[in-house]
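Below are two complexes that have chain A in common, paired first with chain B and then with chain C.
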Partner chain A sequence: MLTSKCLKGVTTGYPLAINAKEVKITEIDFNPEFISRLIPKLDWNVLWGAADSIGHSEGLPKVIEPKYEENEEFLKKAHRVLLEIEIEEGNLTCPESGRQFPISKGIPNMLLTEAEVQ
Partner chain B sequence: MEELANRKILEEIQLKKQMLLKQGAVTPLTATIPLTPPSPVGQLPMCSIPPVSATAQMMSAILKLKTLESCLQELNGFSKPKLDLEQYETPAHIAAIALHTIQTRYGDIEDKLILDAGCGTGKFALGAAMLGAGAVTALDIDKDALDILKINIEEQEIKNVDVVHCDFLNNPIGRLHIEKKLKDWNVKGNVIAELKFNIHPTYKFHREQSRDIAVDIWRMQLQHL
Partner chain C sequence: MLIYREKNGWPADAAAGGRTPASKQRTKNVVASMDDTESTTTSADENTGNLLDNPTRDTLAEGLLGLLKPCIDQLDDRVRATRISQLELRQQIESLNEELMKVREALNAQPDLELYVKKLIACKHKITVVLNILQASQDRLNDLRRSVGLEKGVRTAILTGSDKIEPEQGPSAEDSFLLIDALEQDLSYLKTKNPAICLEIGSGSGIIVTAFGMAFQNCFCLSTDINFKACLMTHHTASHNGVPLDSVNMDLGMSFVNNKFDVIIFNPPYVVTESSECGVKDISASWAGGAKGREVTDRLLHEIPKMLADDGVFYLLLIKENIPGEVVNIMFKLGYRSNLVIGRRVRNEHQLVYKFYK
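Let's turn to the complex of A and B:
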């Protein structure tokens, strides 16, 4: 959901590429209603790509399954990639400028210097 | 000088409240917004919530107001508040009333996706999670505040709060400014509660012991075409 489009010369800045050095998995209570409502708001391709880039796409369908609201197995998989898998250490990279945003202790640092802002 | 500083604080708080209201999941157009009878919250001396129809129902919240307030009281606050970032601690009482009202009147927290822009040490972000938010994203420009937020997240064993260190464009806003912007964006907005924010002297230039600042909670909804 993050973008680097505030950077000078960058028009879309999405999706940021993920380079994960350390991934943490936290078990979070499964809330099917919440996940169901979230799915239509997602760019599933981007989500799948992000999961794949950190080695967590196994078993994750490439497209949103029809009647996903009733498909608990699918919702659980979405829940896992959306909420449970976290990048503890790594980088996000802007697809246009190559600018890197470090992730440290699970917090991505998206701050820019004044010279970088459009 | 002091007057100006206080105005800024007020605007800051208003912005925060709005962001809490502006979540991913918006009430669908077909749903009518349930009106609620004056809540017990409304009878507290520190705030006034406009009276509404007595025929409507309150929504439930997974925590009682008092419980939420005492949970928020346990959170760590700013160790060294920064004047340039206008950091003021939101009292647990105010944060609890604001969050509880948003949930019990509109059902806008439980199972919803919440953004807290300018989260500081996370009173609103964590309070929303305690009230059963589906997931919370908390943003702040100050790394020191986020470090304290991280400690709060761990101590409270809350798992669905994501933290992002970033600059959230902070426009000065007052009631008139908000009304104008809402018109520009075709967003419906109204004040759902007026609170008195009791500010304790955080910085040396505060000569008075403590001071009440008027705070509005706004509810905003996108107008679907």
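Let's turn to the complex of A and C:
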């Protein structure tokens, strides 16, 4: 999930909409420091929207509260959404062009065709 | 054998009493070796009981003896000869006996071998013990190495072979190790920077970014590669070594949101080739660099300002043929200072790792 928040479409196409066909949840060690450092780097609204679109937004607050780094409950939920929820198969859609970027085996394919590169 | 004397009118049967009338018929088979002594006396007259004084008898006896003597002599000779050969045979038997005794002794001289066998077995035991000790030492050494690697956090990423993915490899892994060495050298510098998000472009096997992830547990790692199989392999390598990493099939770093990365690492396709060889999406993308081996590198250099965070740092591997001076110039014009972190001669390549920062 975290990666998809870093990806964008051709020119400004951000955020990419997620269209998930297969979601995988893996267990990853919770590292609170790691999560608290990442959160300021993200656009939280976008993250919430993405989580919501795949139906995993429950318990996740829409707005970040101040002193979130001390709120372990919150960090754990963020950790779950950011790292543990993975999209195995699906699509990322550019809001600008509608171009679909397929995700296969957990790896998004952002390669542009020859024509698109021009 | 009866001896007869032919005498005119003399009666055939001899005087030595007891001669049978049948002897008369052997007159023709007579062998006489004695002189015939004329004797007018008849056997009847001489046939007295006085055995001692009978001259005819004596003569006859002599005659018999004479006849018998050669035979007896012959027998004697033969007996003597037999006796001699018997003696010889005995000697032979004795010498044979001696030989046999020697052979038996030789056969009985076996206990020596047993001793040597015992020695060999003892040696074998010792070798087994030494082998076990070596094995144990080797295991401990491996454990030590592993824990040392964990302490340092770099260069313990182990590549896995997966059944699903055929691991295609570029020509060698020396350049990857040089990059890892460079990162290791800058470890304290990087630790103070405390990166949050790291990106490796062209991750290939994923060994570099995995090593980085193991050293920086609080940093989120991303990797890209133009080759989908490389993305899969990177993902495998990272998860095998316990590093959470996401891999994206992408051309350089084109599709990333701006200025997110604190560290960017690039091990480019640096081999000088024909331009046509460069830009293909298969395994040759890992080494074919086109003109000056820089076609791919140059494209990325111009993206760096869009990708790197303000206080971010960019590590790049080059070879002398890539003309590092030009690269430094380009980056300078883009607003970056540069430093040579580490260099190494590997076979016929002079590899260099540069870092760029603001």
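One rule holds for everything that comes next: the second predicted complex is superposed on the first by the 106 of 118 C-alpha atoms of A that agree within 3 Å, B and C clash if a C-alpha of one lies under 4 Å from a C-alpha of the other, contacts with A are read in each partner's own complex, and residues count from 1 in each chain.
We take it that contacts are C-beta pairs under 8 Å (C-beta built on N, C-alpha and C of every residue); 3 or more make two chains touch, one makes a residue touch a chain.
These numbers come from a predicted model, not from an experiment.
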First, second, both or neither for A:68, with chain B first and chain C second: neither
Which of chain B and chain C A:7 touches, first, second, both or neither: second
Chain B versus chain C as contact partner of A:41, first or second or both or neither: both
Which of chain B and chain C A:33 touches, first, second, both or neither: both
Partner chain(s) touched by A:105 [first = chain B, second = chain C, both, neither]: both
Residues on chain A lying within both footprints (that of chain B and that of chain C): 2, 28, 31, 33-34, 37-38, 41, 83, 105-112
Chain A partner contacts - residues on chain C that touch it in the complex: 196-197, 217-220, 222, 226, 228, 231-232, 235, 244, 246-251, 254-257, 260, 281
Of all residues in chain A, those that touch chain C in their complex: 2-3, 5-9, 14, 28, 31, 33-34, 37-38, 41, 83, 104-112
Touching residues (chain side chain A, partner chain B) in the complex: 1-2, 26-28, 31, 33-35, 37-38, 41, 82-83, 86, 105-112
For the chain B and chain A complex, residues of the former touching the latter: 24-25, 111-113, 134-135, 137, 141, 143, 146, 150, 159-160, 162-167
